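Scrolling down, you'll hit the structures one after another.
Both complexes shown next keep chain A, but they swap its partner, so chain B is in the first and chain C is in the second.
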Partner chain A sequence: MSATTTIIMTAPPSKSTIKLVPAQSHGEASSSQAQNQPPKSQKQMTKAERREQQERQRAAKAATKVAGPQLSGPNQNAAQAKKGAPPAASTSASVKKGGKGPDGKPTKETKETTSDDSARGLRIFSHFGLPKPPGPSKGDIHPAIIRLGLQFSEFKIAGANARCIATLTAFKTVIQDYVTPPNNTLSRHLLTHLSPQITHLVSARPMSVTMGNAIRELKLEISGSDIDLPEQDAKNLLCQKIDDYISERIIIADQVIQETAGTKIKDGDVILTYARSSVVEQVLVGAWDDGKQFSVLVVDSRPMLEGKKLLSVLSAMGIPCTYLLLPSIGSVITEVSTVLVGAHSLHSNGAVFSRAGTALVAMMAKQHSVPVVVCCETYKFAETIQLDSFTKNELAPAGDIFSSFPLTRSKDTLTLNKQPNLEILNPLYDLTPPSSITAVVTEVGVIPPSSISSIPLALGRTTL
Partner chain B sequence: MATDPSSVANQRVVETLASRLRRRQVVGSRETALETVLVLRQVISKVRFSNIDQLVEIIRSIGRKLVEAQPKEHTVGNTVRKVLHHIREEYHTASQGTAVVSTSKDTLSIAKFVLQGQPRQQNVPQKTTLNESHGMLKENDADDPDAFARTLKPVLMEAIQDVLDELETVYDNISKNAKDHIHSDEIILTIGKSSTVEAFLKAAAPYRKYTVIVADTAPSYSGHDMAQSLSSAGISTVLVPDSSIYALMSRINKVMLGAHAILANGGMFAITGSLLAATAARAHSTPVVVCAGQFKLTPQWNLYHEYGALDFADPSSVLGFEEGNLVDKVDVVNPFYDYVRPELIDAFITNDGDHPPSSVYRLIKEAYDDEDYEL
Partner chain C sequence: MPGLATMETNTSASVSPVVSFDICETYASFLKNEELSAPLAAILALSKLIETSDAGTMLELVKALNDGAGALKASTSNPISLNAGCELFIAFVTLLPHDSASFSDLKLELVRQGQKYAAEALTYRDKIANLALGFIKDDSVILTHSYSRVVMKTLLRAHERKRISVYVTEARPRGLGLRTYEELTAAGIPCTVVLDSAVSYVMDKVDFVLVGSEAVVESGGLINAVGSNQIAIIAQAANIPFYALAESYKFHRLFPLSQYDLPTHTSNILSFPLSPGGNVASPQTTGATKSAHEKSSNADYIRRMTPEQIACNPGVDYTRPDLITLVFSDVGSLTPEGVSQYVVGMFAG
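Take a look at the complex of A and B:
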């Protein structure tokens, strides 16, 4: 079936039907064409009519035909029509992130056309939007939550543990300030009260796995709270539970991990760590306090350049440190005895979701037979399996909010903003495959990555 | 050396280039190669010599001086070796008339088979018995010491012009078949700003629609320049930080890198970050292609074990003085080059065709003479 060139000259009423037909058919390209250009010229109309005829033909044929070659027909028409529009329109349409479905889809359909190739590579990340500043709050958002949202969106609080603790602390304030409306029970209404708060936080920055797990526990506690308890007691009990969660699964877990991982550090070791993990920082500080003599290589990278903070803490304690950027790791890896990294979350298949760049560090270490040890509390486990870094990731805001460029290079020579044909992507996370990891240190022991999914069962828990 | 004015002028020219190399006022493989060829041309046009050995010795000493000035710029030595190779070739052609290379006779002989198994010795013709058959060349002529030089110089200048032409047309030759290496809708990863890769990608742009992902390449951030250059040429470009190379690698179809120097074992020195990209590519079975001119072929290969081989650069671009209290407590490492071993590279695209790393040794044998490997 090739594009027919017979022009069907129908009466004007068909023009309106043309507009309707694309809405029904699965050629979304036509809907975008209707969006981008109100049909003006004779040429446009005949193209649309051509397409209408093709769609009729296609509908007549079996549904077993592959979508690709079929779409190329109408897509060519759409492309020719689209070329009239300024290329910026299609670029911006395809590049619009933040889950704009109807714009995102037609560009996927017109993959074969050349007019959208300027944004081809970006569609990989177009399914998660860039963080937007939290808009005017809908409904009753507690001021503590608003403040937290702002801190998240400006990356003043960053890191899985820090965000989780900050969230739970803010929720404690919310719970204490909460008043059950009459004819309602705390256990039911509090959940609905918390939902918009959570949505507000998620709009500031996508929720981390730690926050997700903690909030799930909190909701469980709330719905299980005793109806007969007076309100203040119920609230106090909830706050107590939150404190217990933080203390048990984060603070104490960290201490156990510090001791366990500390035994892996011997005198004379060269430890390499990447970016800044709160757990690894504790491990190193604890080991140094125990009197072990070792040196640390801090590897750092854009976009967040968090390693500098770790560097100041470690060097203030007197630990001999070396600082380098990620590309230089190949030249120092031969001197390293252990690699210690933190994690954002651990998945059932043993993959570690962590700061972007960890995968490279782990890969290089494995190549040179250096053990890679991930320090991670059990509350960071996620039940899901993640196979690549695209399905769930976050992009840092464009521009230089982390001041991560050296002063030796003037800012105007750097490319900080989008330009025609140029896009900037700053993914914040990446996935380290289980093959690159030697062991995971948790508060329940040191386990190989393949055994992660069996931990909750072994502990008798039904959930993590 | 004779203390006549021409040799003094030659020495001055060589000294100028040596000091510029030492102070790194001349950086970059191609620039240093061009400067070296120009200096050699100047020297050869003025120098006086009565036989080929003298000329070779003069050029070699110049080469030694320049290489000593900047051992990290391997193309200086390569260019000197190339010029020497051409000189010897021209000399042989001029003195024998017919080609000197051992021709394969059609008769079968065990000796020939055995000889073929040995590493090929380059033919050094015996000069002692061939005084009569030199034809036009008069070596060591006592009455006319310049006769030899006079007859040989025009040919030599042509040979040097050949070398210069090759250097100047490097980008065009490499990009000739660019569109045959790239298919539509391809996603290519590159790092840093290699002029060779840039020319290659721009040459393919009018024929193919593809996307290029450029990594920042800290701390020089030359990736930004590359991204700007490519995007203004109409190629859709995505600029990403180095940390996301592994994350994106599963969607990348090809990795294109530039080289600083290609070593004789097929490995290469390239800008820091190339090892990361190549290793990540190997982990995903993505092909790694290196675009480099033939002047980057270096006959040595055991260079990467030296500590200074990686040429350390300014640490303040990694940790600057604005981090005042950290500066004296912390060691900062900033190597400029990476050594990428030959197992990680799939192909070298040079101005003389495409070659796998395993045949680099053959290219080196053809380009340079054995005795020049140590200048």
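Take a look at the complex of A and C:
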């Protein structure tokens, strides 16, 4: 083992040069150092020696960084295995990859130690993957989709409903601009044409359940479109179907939910809501317009602080509002009559996947016997079962980048995440267990969480 | 005949004195039949309304039905089970496809269906009794609450083959538990009346709890005479099964989030008196209390609540689905989750 090590570490300086390309001086120094002491494997090195090595590599890394993306070592390690790294970091990434291959085990170990120490926080969430700015697009991506991808990755469009509607609207443009190549049918080729567009959106930001359901319906419609229809008619029909979907499953569903949930709000109630749900906003505004007298507690949390937007809408209407952050919810929960929250998706076991923090609000409310009402359209129903917030989640882009949504400051102004021992973790969603939820208001009625799986039945179909 | 026509339109809109059809009266007359419960009587009353209605289109008919249902609801202080029946019938009229030659044929068909349903529904209690029989073991000690026809039928059926003994709660203020006591004793079933406040005292002696229902709601919860919730909570704490018996026409689309979300909860219930001297009592009552005081100075003297004080109390309460073990119904024995799946499927499909 050590023999191999010797060869690899001390032999052709070229190898170590490859490892640390632009910082030749450091590279020479390290190889000479390595020559002086018989190189040991990780376990044999003392702590001081390991630290020394890390320092060397860190300095080398700092030197190799050409520009921009502050995705530091651990991110690169975690990410590069899966996706192509963004162009700016690609040089160091590929260098590292090259370095890993021939140098074999010891090198990998040292690399991993470095990444270990600073990526220890992130390692457990490494299966989420990290959001990246959309890389160079492969294939024929429609400009509307590119624009949408950028808007998603910068969180200019956020929220399950908003994203779905934006996606479908963009797809309408794509469909209208699409021309069936000769010797091909629309119903088959359009699907293959749409695939890279969808992939591009997914790479910008992981797809939401709403987008997934909508796209699945769209694909179904496309594959079922009549071959004999002239192309423009087929395209118009598809666009019409998209409009119908948005109208039925989102817009009108929201109105039905507004009426139904509105009946649960009575004069003198104190309604607590978390972050910002478009449906809940509609419900509260609708109930106020109906003349009901109630007050609202808006609970918010960093880093997204979406509640501020809801607060401005509600107070503009004259609704008495109180704004607080999530940690102080314990002091106000005894005053609350009902908790109204929205959802990102609804699962077969009755669990609700929603903005991170919703689970805390729901559980706290349950403890104090406050009914928790989730307002959710049926198209958010996912046939999967989810038992925890951990197996499937999304991380907000790391670091200080997310001090405000949408991004208003340049990425260069951040300082926090250059520290090697600090990793910032921002899961965007969490799971509220069905035991904490009292009722789910959908457009097909008010349903207890244990019967969520009967929603497809209520809609008259076997699959959603 | 324009005169007759105006009279008819008047009746479907409101209870007017110049009437050939008064829905509230019809409902009351149906209720006189001991076998018929409120929802069934409502269904029969609404069928009668269709019979005597001169609506020419479906829209008019549905409007007339809704008006009739509204009139019925307004006439009673506890409209929940009546509502269940009305909603079931109106959903039947609107949701199910009907094919008939003409509109008057359709109306006749609807009336026929309504009466047929009511007749069949009378057999539901027997079905439920047979179903529940399997859960009653020999030598069971059963706790029941207030008076329920379907529970009576079940207990009498069980008594034919097995030995059972029954505790029944007094069920104040109406004291219907005493009626249960009389009927059971007459049938030869050993029965004892327990105070509403002694339920936790007796719970460890009981094998299971059996109650009837006014309505079963969409969450899978139960609406029944006040006191059922307490019994359910105590039963859960003592790990005793709590069974509810409900015919399928009592399944209701209501979803109360709490006790105070019930339609029967008014601002008067559990309200504090406005004047510092206690609830405003009529001179008669005050006089009676005073004289009663004078009559006896015993410490054992039993005081009674005044009617005003009783009026501040609820008549029904809501039992949460997680406290209920099973709901026995003519469609089978359902878990509370199964109830909501059934209701969602029935009303949304």
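For this structure, a couple of remarks:
The rule is simple: the second predicted complex is superposed on the first by the 324 of 464 C-alpha atoms of A that agree within 3 Å, B and C clash if a C-alpha of one lies under 4 Å from a C-alpha of the other, contacts with A are read in each partner's own complex, and residues count from 1 in each chain.
Methods note: contacts are C-beta pairs under 8 Å (C-beta built on N, C-alpha and C of every residue); 3 or more make two chains touch, one makes a residue touch a chain.
Values in this document were obtained by computation on a predicted structure and should not be read as measured data.
By the touch criterion stated above, A:439 is placed in contact with chain C alone, chain B being left untouched. In the superposed model, A:315 lies in contact with chain B only, and not with chain C.
By the touch criterion stated above, A:338 is placed in contact with chain C alone, chain B being left untouched. In the superposition on chain A, contact of A:264 is made with chain C only, not with chain B.
In the superposition on chain A, contact of A:371 is made with chain C only, not with chain B. Chain A is touched at more residues by one of its partners, and among chain B and chain C that partner is B.
In the superposition on chain A, A:450 contacts chain C only, with no contact to chain B. Residues 264, 338, 369, 371, 373, 438-439, 444-448, 450-451, 453-455, 457-460 of chain A are the ones touching chain C in the complex. Chain C contributes residues 218-220, 253, 255, 257-258, 261, 321, 336-337, 340-341, 344-345, 347-349 to its touches with chain A in the complex. Within the complex formed with chain A, the chain B residues making contact are 185, 187, 191, 209-211, 213, 216-219, 221, 224-225, 227-228, 230-232, 234-248, 250-251, 272-273, 275-276, 279-280, 283, 310, 314, 316-320, 322-323, 325-326, 329-335, 338-339.
The residues of chain A lying in touch with chain B in their complex are 111, 114, 117-122, 124, 301-303, 308, 311-312, 315, 320-332, 355-357, 359-360, 363-364, 367, 388-390, 393, 405-409, 413-415, 419-427, 429-431.
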